[in-house]
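The structure is given below, and queries will be raised subsequently.
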Amino acid sequence: MNSEATFFMPPAISTYAGDVDQAYYWIYYLSVFLFVAMVGAMFYFVIKYRRKNSLEIPSGPQHSTVLELTWTILPFFLVMAIFLLGFKGYLKMAIAPSNATEIHVTGRQWSWLFTYGNGVESTDQVLHVPKDHPIKMIMTSEDVIHSFYVPAFRIKHDLIPGQYSSLWFEAKEVGKFDLFCAEYCGTSHSNMLGKIEVMEPKAFETWLEHEHEEQNKAVAPEVLGQRLYTKFACVTCHTTDGSPRVGPSFKGAYGRTEKFTDGTSGVVNDNYIRESILQPQAKIVAGFQPVMPTFQGQLKDSDITALIAFIKSVK
Amino acid sequence: MSAIDTEVIANAKIEHAEHEHNPHLAHHFSEPEQQISAAKLGMWAFLAQEVLFFGGLFVALMVFRTWYPDMYRAASSQLNVPFGAINTMVLICSSLTMALAVRATQLNRNRQAFWLMAATVLLAGVFLVIKYFEYSHKFHEGQLPGHFYTFKEIPFDNAHMFFGIYFCMTGLHGLHVLIGMIVIGWMMVRAWRNEFSSQYYTPVECTGLYWHLVDLIWIFLFPLLYLVK
Amino acid sequence: MTVTTFDPMHVPTEAQSSPNFLESAHGIKSWIFTLDHKRIGIMYLWSILLSFLFGGIAALLVRLELLTPQKTIMTADQYNQMFTLHGGIMVFLFIIPSIPASLGNFVLPIMLGAKDVAFPRLNLLSYYFWLTGAALILTAICTGGIDTGWTFYTPYSTRTATSVIWMGLGVFVLGFSSIFTGLNFITTIHKLRAPGMSWFRMPLFLWSIYATALIQILATPVLAITLLLLVVERAFGLGIFDPKLGGDPVLFQHFFWFYSHPAVYIMILPGMAIVSELVATFSRRPIFAYKSVAYSSVALAVLGFLVWGHHMFVAGTSEFSTVLFSALTFLVAIPSGVKLFNWLATLYKGSISFESPMLYALAFIFLFTIGGLTGIFLGTLSIDVHLHDTYFVVAHFHYVMMGGTIFAFVGGLHYWWPKMFGRMYNELAAKIAFAFVFVGFNVTFFTQFILGSRGMPRRYYNYPPQFQTLHIISTVGSWIIATGFIMMAIYFLRSLRHGKKAPDNPWGGLTLEWHTHSPPITENFHNTPIITHGAYDYEHPDAKAFILQTQGKI
Amino acid sequence: MSTTTHADDSSHKHTPHVLPLRIYFGVWVALLVLTAITLAVSYYDFGEGNLIIALVVATIKATLVSLFFMHLFYDHKLNALVFGGSIVFLFLFFFFTLADTTTRGQVDPANGVFVNKHLQQKPSDEGHAH
């Protein structure tokens, strides 16, 4: 099946994307036909039967049982057929093949964390998957509802805090595709973006092993800190190039004296950074909104130390 | 012209004569019967609205009951069944006195209606006092919704949810009882002033309908909250 | 004083002198304490038009922000508050009360041949509930705004730092305003029909408003309890919707959509109500298959309760309920289709004129057909997985809510404006404004179908650059719409003072509001009308004479 | 309804429908007895049967109150329709919501399963009395 993007639809990469597009275009052409027929009839009638004489009183049929029954019963069968079409496609999406590889997804404000079977965790908001192999995503959220949406795969499902949900897909082509959060989740909802990188199965294996080794290696704290910085998508709000986003930039932040929204001021030091990660609402730098979620329970003490080392290193 | 139209014209003439006589007939109604049935239909529609209003809480109750049956059983056993049962009886009695009060106004007996409604208010007061004792016990034990829950003896971590629903439902119901007492109190004043008669008792009747609905809701609340087995 | 049907009601000469409802009393008190349904309707009208203005400004700002993929004029937080405001104001303050409480309040009793609604004081109370709700929403805006979207999804709404409690209370109160309106209308239609006005002689407007009122009574209380629970959840940590405490956020969505899907029919049914009137009057034909149009209104109201789950196909509901709701959703297409087909059949062999109200009715048919057909895409399970929460959904409901309800509302406003204020507006200006609104609407929202199909998620402040061209077109469209509405405001306001005096029946309508003066007297009719024929009986031997006599053209 | 008409002026007066006292007291006694029955049944364990019995008895009580105390039995049938209708719609609300909440995870066990499983059944250790 053709995987190129069409006028309405993005490229069709997953195995069931073709079915979705087929249903979409089937209904699309039906709709165009019905629309042209109905609006065409409307234009025809209003022109043909326009008022020619301000005194005329027209007379015409006031009901027709045959017609009424036709346009009640015929649409019923039509829409039921469409329902079955959608139902068939949905069944395919709902039931994952038994040989699917499981990958865990955790959504949080505002980043994605992917955890592979061997314990490897994604560090850069990119989900790596092998081509031609079914992948089942086991998903949950740590704070509010998010939604895992890959337009090229025609797949979407909400991540619900406190519950697991799942979806599956099998990519047919190698490439990098957009991953969106589709359920409104707050300030940086539109920055909760990721990528899906579909790789040749061999390349995927190599990548996974490489990551496994890398992540188990002892590294310098600021390197670990940088990894955490991308893993938790701190970059969504805090840049390292000095430009403010939702929160202040990390560039040169360490050691600087900041004014807070409550009127006090203080130096950005280890204690302040630790407090800001665990109780973000305690002291807000003036000019910013108190929107940062807490990372209490998500970061170990050593992680926080590493992050502090990283922020120190951004000059 | 059909027969119906001639009848109606006759009717329209009567309507004009009627206007002068009946002080309770609003200008946009043509006869008392129409006004009374409109008021009652409006009241029933209001009660229908109340059913759906409480309905949301009943749905929440059932959903969590199907999810956490054991927690429900354990938490429900903390409720005081004798108090609940007595309160059920109290409300049933108050429904009776209210129904009799409506009947009294139908028979032009304003004084009798006054005392029957006084009894209704009194019983409603008894209901609230008993509720107060139940509530203060729960407050004391820390059997409270959400973050305020401090009770330790139910071996389920989310037992606070049962008490959350319990307080929402009984609290909202209690609020309805309170509003009912105020409205019935107002009807008592009007009965004392001899305002009602066999020709004009709709306000009392509608108040009665409201009061019976409050009773109806409790009839379902009692087994669903107190008698979970 | 026998009154036959096609005698205009103002025939008795001594009654000619009685003042119309606008002039019968003066001063601010005569308005704020009024029990006259027409005055209450007009107070509602100005209030909701003001809300429409604010909601519209918010919409323009949202569109302006989306001109570029990054920041254009506001921050992400401001943007989130802006689209929430747009949605909240438009849905709760404007569309839901728009047709029933303003136009409906004005014409419903007149169409029935009644002097007022069944409970005039409740009617006034409902208006003050609306004002209270508006004030509470204003408080929410002033105390930190609100950024949950108009859907208040938990647990976001229980965590955000914004004024959810004020907003929740505001919508709670607005809910009761809507319930009281519905309750009033149901009772009025049952009990205050004029002599001879049997159910099947009622104008179809009343059937639709009746169906709307049923939903208002049966669905709105669930919204009220949902918001109450949300407020309690925020204030006391109740936990029913909070997964951290063992609750279920998806349950909130069930509660919310049990109201908010039927609410879609609270919005669209009155739109259909107006279109039935317009199509009949401007084609001088009874609505084709009157009974099936009447029943389809009630069918929509009932079916509207059975499909709410289609808002939750990817939200974590069970597969069983997903399939069940999808199947039921398709049934809604049938009564909607029946209405469209019947309107088309009414045009057949009509005598169609193109005054501005009729243009809006024809635009409604055009736009609602698109809105309805795109609904089929969204009801289809496999396609909805892709389209859910994208701009496709945004475009779809704007085609239904704006292309449907607002076009019908504006059409109805043009239709009854002469009746309400006794003045005509500039017809040419109205036609030009219509062209702007219609073209602008399609430019704005049709592009969004394409955006959505290509995967643009909704409620996005920033967006990937590949979507920019379409966003620019859409934003330009929003300016075209705004131009049309500004023109409309000007010629309407002008007509209040300078408009030509309106005849009693400028369009040649037959329903009862055209039998009385423009504007009507306080009691609507000098004598109770007596109905001997169907609502649109143009073929009645007296109909032609009646139109000639009341249209003021001879 | 306004289209109904009356032949003479006297029937224009409203005649209230007064029920005999024994109906009121009869219903009252029945309600008290039914309350006692619910209470008694709750001391035995019939499993799911308890809920069903409790609901059936409550429904009988509610029917008695609405038919007699609220006069629905004698009233305009429309009022009964309005009230009954509201209960039908409440039932729809129940049915469709439970149709979801009770069937989650049936197709794919990974769907709709609570992460905080301990909330469902796990007894907490601290402060356990016995």
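Here the chain labels run A, B, C and D in written order, and each chain numbers its own residues starting at 1.
Criterion: contacts are C-beta pairs under 8 Å (C-beta built on N, C-alpha and C of every residue); 3 or more make two chains touch, one makes a residue touch a chain.
Keep in mind that what you see is a predicted model, and the values were worked out from it rather than measured.
Participant: Please work out which of B-D and C-D is bridged by more C-beta pairs in contact, and write that pair.
Facilitator: B-D
Participant: Cα centroid separation between chain B and chain D, in whole Å?
Facilitator: Chain centres of chain B and chain D, defined by C-alpha means, are spaced 14 Å apart.
Participant: Quick check: how many Å separate the C-alpha centres of chain C and chain D?
Facilitator: 35
Participant: Just give me the whole-number Å value for how far the CA centre of chain B lies from that of chain C.
Facilitator: Measuring from centre to centre gives 33 Å for this pair.
Participant: Per the centroid of Cα atoms for each chain, what is the distance between chain A and chain D, given in Å?
Facilitator: 44
Participant: Two-or-more-chain contact residues of chain D, please, as numbers and ranges.
Facilitator: As it turns out, chain D has residues touching two or more other chains at 1-3, 78, 85-86, 89, 93, 97, 101-102, 107-108, 111-112, 114-116, 119-120.
Participant: Which chain B residues sit where two or more other chains touch them?
Facilitator: 4, 8, 11, 30, 34, 37, 41, 45, 48-49, 52, 55-56, 59, 63, 68, 157-158
Participant: Hunt down the residues of chain C that sit against at least two other chains at once, touch-wise.
Facilitator: In chain C, 190-192, 195-196, 217-218, 222, 243-244, 246-248, 250-251, 254, 258, 316, 319 touch at least two other chains.
Participant: Hey, which chains are touching each other here?
Facilitator: So, checking each combination of chains, I get A-C, A-D, B-C, B-D, C-D as the touching pairs.
Participant: Considering the complex alone, what residue numbers of chain C touch chain D?
Facilitator: It comes out as residues 190-198, 217-218, 222, 243-244, 246, 248, 250-251, 254, 258, 305-306, 308-309, 316-321, 324-325.
Participant: Contact residues on chain A for chain C in the complex?
Facilitator: 5, 7-10, 16, 19-20, 23-24, 27-28, 31, 34-35, 38-39, 41-42, 45-46, 49-64, 67-68, 71-72, 75-76, 79-80, 82-83, 85-90, 92-94, 143-145, 147, 149, 151-152, 154-158, 160-163, 165, 178, 180-191, 193, 246, 289-291
Participant: Which residues, counting only chain D, touch chain C once they are in their complex?
Facilitator: Residue list for chain D touching chain C: 1-3, 78, 85-86, 89, 92-93, 96-97, 99-108, 111-112, 114-116, 119-120.
Participant: Once bound in the complex, which stretches of chain B touch chain C?
Facilitator: Per the stated touch rule, the residues are 1-2, 4-5, 8-9, 11-12, 15, 26-30, 34, 37-38, 41-42, 45-46, 48-50, 52-57, 59-60, 63-64, 68, 145-148, 157-158, 160-161, 164-165, 168, 172.
Participant: Touching residues of chain C toward chain B in the complex: what are they?
Facilitator: 2-4, 109, 114-120, 122, 179, 182-184, 186-188, 190-192, 195-196, 217-222, 224-226, 228-229, 232-233, 236-240, 245-248, 251, 254-255, 258, 523, 527-528, 530, 532
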